[in-house]
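What follows is a pair of complexes built around chain A, which joins chain B in one and chain C in the other.
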Partner chain A sequence: MSGYAEGVLVLLAINVVLAYGAFLPVAAGQLNLGVAGFAAIGGYASAYLSARTATPVLVAIPLGGIAAGVVALAVAVPVLRTRGIYLALATFALGELVRATILNLEVVGGAAGYPVPAYIGLPVIAGFAVAVVVLVGLLFATRFGIAITAVHDDERVADLMGLDVRAFQIAAFVFGSVIAGIGGGLYAHHFNYIEAQYFNISMSISIVLYVLFGGTQSVVGPLLGATVFTLLPELLRASAQWRYVLFAAIVIVAMVVRPQGLVTAALVRRLLGLAQDFSLRGRERPA
Partner chain B sequence: MSAAPILVLDNVSKHFGGLRVVEDLSFSVRRNSCTGLIGPNGAGKTTVFNLITGVYPIDSGRILLDDADISRVPSRRRIHHGIARNFQNIRLMPHLSAIENVMVGQHCRNGGLFGNLQPVALFPHNRWREEARAALAEAGLEDYERGVVRSLPYGVQKRIELVRALMAKPRLLLLDEPAAGLNSAETGALRELLAKICQQHGLTLLVIEHDMHFVGALCDEVVVLNFGRKIAEGRPDAVREDALVKEAYFGLDTGLAETRYVN
Partner chain C sequence: MLGSIYAMVGVAMTLSIGILRFLNFSIPALFMIGGMVTWALVHAGVPWPVAALAALAAGAAVALIVEAFTWRWMRGAGPFVPLVSSMAFLILFEHLAVAHWGSDLQTMPQLFGAGADWRVGNLVVSIPQLAGLAISVVMVAALSLALKRTQMGRALRTIAEDADTALLLGVDVGRIVPLVFLISGVFAALAGILFALNYRQVDPYMGEALGLKGISAMVVGGMGNVWGAIAGGMIIGLVEVLSIDFFGADFVDITVYGLLLLILIVRPTGLFGGAEIGVRA
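Let's look at the complex of A and B:
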């Protein structure tokens, strides 16, 4: 595999992980614009662990995710009291707070960034990405998935049905932050260097866009959104300086045609229904 | 049949600022009975449901369920005490299929943290999904299991909401205008379904409804509200003949209303 192809696939796998970090809170009705901040916490924590304490990378990265989750849990109660645009602003501010704090944290290099000696390649990163997709898919196949969607759709009714709305929102926010933290750890250990400036609001917005573009109602949505947003600009390279114009035009058209994202719950049900119908027909034929 | 009340409202009041929505309201609902809550628009009927289910806290008085004071129990916990409800305007979850909506009603019985991790959507034949499927079939909804709820007929959506409430296995079911928007055939089918469900599950019903034929056929007792106060209660046929009810609800001028309000 060429270096270019491997580089693109690494970015794709990291973006898929980050997209699921944003997807969980969005699925519970919360727009988290601080997702880059949690990726930074996970990235720096895992980098520090592997560089200073010689923790194996495969342990350091999940621990970095847990560090991001602990911070998310600590701030969840006050931050999730806000709603709508105020929640978006609060999480945005939180992301900036994390970035500014790390910029002034000399123990991890401050503004100069932090070198990370340990390296992970495409197979490990792809393994993490597959694990995240499978785990989130499994999570949404449990009652938790139904409950999160119910909380997203109607908090009042969910509450009257006995669901602890606040606990589900906090759980989604924290699980999402753990996944974002893992994404940050993957980034730090692949590029052997991490700097706070990379984890800015532009990164958060891009990650949220993966989810909104792919679809917030299905676990397949973030996978598809991250794939399109990572691969499409690469496929458009032939159009030279026009590629971002074409890319933006394609995204706008897609959002006009499918405002709820590429993959909707109705589409998934229809596809699953078709699959079931075909399999039924298959069984009926011999009879 | 026991005559002991399952639900007692004892001098319950609720004000929104200067607006007295419910004022010193007292009535009780007998176990295994069906009680109708009627009154003109704005009488405070839905607010009474919201007070019983804890959507709004009461300002004064007490709400007793099986002699236990539930006035301060959080809204989320009241379904655990056996109170389930539907809504005047259908409130199904648009991003869930019909069967998943019904499964939301099972949540209060699924056993905490580990219950939330049961793979109910992974295997099509797990116990919870089968139970929801059977309940849909009992309500004649087996064909709509995987349907996108928003695109289903109005009457079907109402029945799905009813099945969702039943999935909590409540002792007391509050139905807010269950027959509104249904044609006469659907209303008749709903009445039969409710009668069957009550008999099979030992349910007590408290029903807000404007269709007096429906109320007369289904309810044993009726409580009539006007301006947040109880103006009459009793058997449906007796209440229908009450002069004040005629004036407040049916729009007949009997000249009694002013006297009774003053008294």
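Let's look at the complex of A and C:
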């Protein structure tokens, strides 16, 4: 495999991980506008662990994710007392706060950035990405997934059905943040260098846009969204600015044409139904 | 003085939240457009009052484009869809500006000579800054009065309470909503223009650096509360100045966003209560 293809695949895998981090809260009806902040916490925490305490990389990265999850828990529990847009605003504030804090944190290099000695290549990153996709897929096949969908579709009815709406929203948000933190750790250990300015609001917004473009009703949506927006600019070979312009324009048009995202629950059902039809037909055929 | 800039962006955001329940992320982009267009025209030799008016018109026009793509088509779609589209617009305009003008910090020529400074003892007050502050206070007073007294204001407050009922009562929601976008667009662009004229430095990312502080101003003042946004803007401006004095310039963002997060945790309705536009304008 050429170095270029490998680079694109690494980026794809990391974007997929981050997209699932943003997907979990959205699936529960809450928006995380601070994905970049949680990725930064995970990235810096895991980098610090692997560089200073000789923790093996494969342990440091999940620990970084857990660090991001702890911060998410501390924010979500008080903020989710209220309904509506407040968690989105709080995550926005948190993302900016994390970036500004790291810029002034000399232990991890401050504004100069932080070099990370340990290196992981494509196989490890791809392994993490596949694990995240499979885990989230399994999670949504359980009662948890059904409950999250219920909370998303109608909080009041979910509440009446006896679901603890707040607990599910907090759980989805915290799990998502752990995944985002892992994404940050993967990034740090592949590029061997992180700087706070990379984890800005544009990054958070882009990741949320991947997810909503792909669709939030099924677990396939974020995978598709991240894949399209990682590969499309490479195929078009546009310059950096026009890449963003094109990306934003596609999202705006997509939201007008198909506001529920590319992959909807109905579409998945139809595809699965089709598959079932074929298998039935196969069985009816005389031997 | 930066406080009055934040306040105006905050008013733009709070109008959108208060009436449409829509966190409009394209407002920081409109702020940037106001500033960048003013600079580009002044740079091209256009006299500054003409440049400012043209930038205002550009802001208003772009606000209507955003309305067409975030709101008009989206009725009935999920709650995040307009928000997502407005975030896409922020990215779109930011990078269009970078592609067109480059990402460098641009400096406006000195427009007002030393005569524009007004000395009271040791205190130096710049008259353009004072004028900017006066303009923003007058604009907000006019807006507040219009919301309270006019037919249009009544219609807007009805929509704020319940858009469906407003429609049943004969309010032409389809015609009034673009007006909300227009007013908030004018406020955001005007803030950008005042910033460009006073601080004489603009860049395509100014919306992110400064415009997003308008969100803080809005939250501090209580979402949907117009005068709260003004007070919030002033508080954010003051907090910035104080934190520069006490901790140094590097800590400004930490204190501002820390304050925002703290308020969201402790008192999410803001310091002055969530006076929805419909309830108490």
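Everything that follows uses one rule, which is that the second predicted complex is superposed on the first by the 260 of 287 C-alpha atoms of A that agree within 3 Å, B and C clash if a C-alpha of one lies under 4 Å from a C-alpha of the other, contacts with A are read in each partner's own complex, and residues count from 1 in each chain.
To be clear about the criterion, a contact is a pair of C-beta atoms (placed from the backbone, for glycine too) under 8 Å apart; a residue touches a chain by one contact, two chains touch by 3 or more.
Please read all numbers here as calculations on a predicted model, not as lab measurements.
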| item | value |
| --- | --- |
| Touched partner set for A:Asp154, first chain B, second chain C, both or neither | first |
| Partner chain in contact with A:Ala90 - chain B first, chain C second, else both or neither | second |
| Touching partner for A:Val256 - first (chain B), second (chain C), both, neither | second |
| Which of chain B and chain C A:Trp242 touches, first, second, both or neither | second |
| Touched partner set for A:Leu163, first chain B, second chain C, both or neither | first |
| Which of chain B and chain C A:Phe144 touches, first, second, both or neither | first |
| Chain A: partner with more touched residues, chain B or chain C | C |
| Contact residues common to both interfaces of chain A (with chain B and with chain C) | none |
| Chain B-facing residues of chain A, complex | 138, 140-147, 149-150, 152-154, 156-165, 217, 265-266, 269, 272-273 |
| Residue ranges of chain B touching chain A (in the complex, touch as defined) | 53-55, 75-80, 85, 87, 91, 93-97, 100, 103-105, 107-108, 110, 115-122, 128, 146, 148, 164, 168 |
| Chain A residues touching chain C - in the complex, by the definition given at the top | 26, 29, 31, 75, 78-79, 81-82, 85-86, 88-90, 92-94, 96-97, 99-101, 103-104, 200-202, 205-206, 208-209, 212, 216, 239, 241-242, 244-245, 247-249, 251-252, 255-256, 259-260 |
| Residues of chain C touching chain A in the complex | 17, 23, 25, 69-70, 73-74, 77-81, 83-85, 87-92, 94-96, 98-99, 208, 212, 215-216, 219, 223, 250-254, 257-258, 260-261, 264-266, 268 |
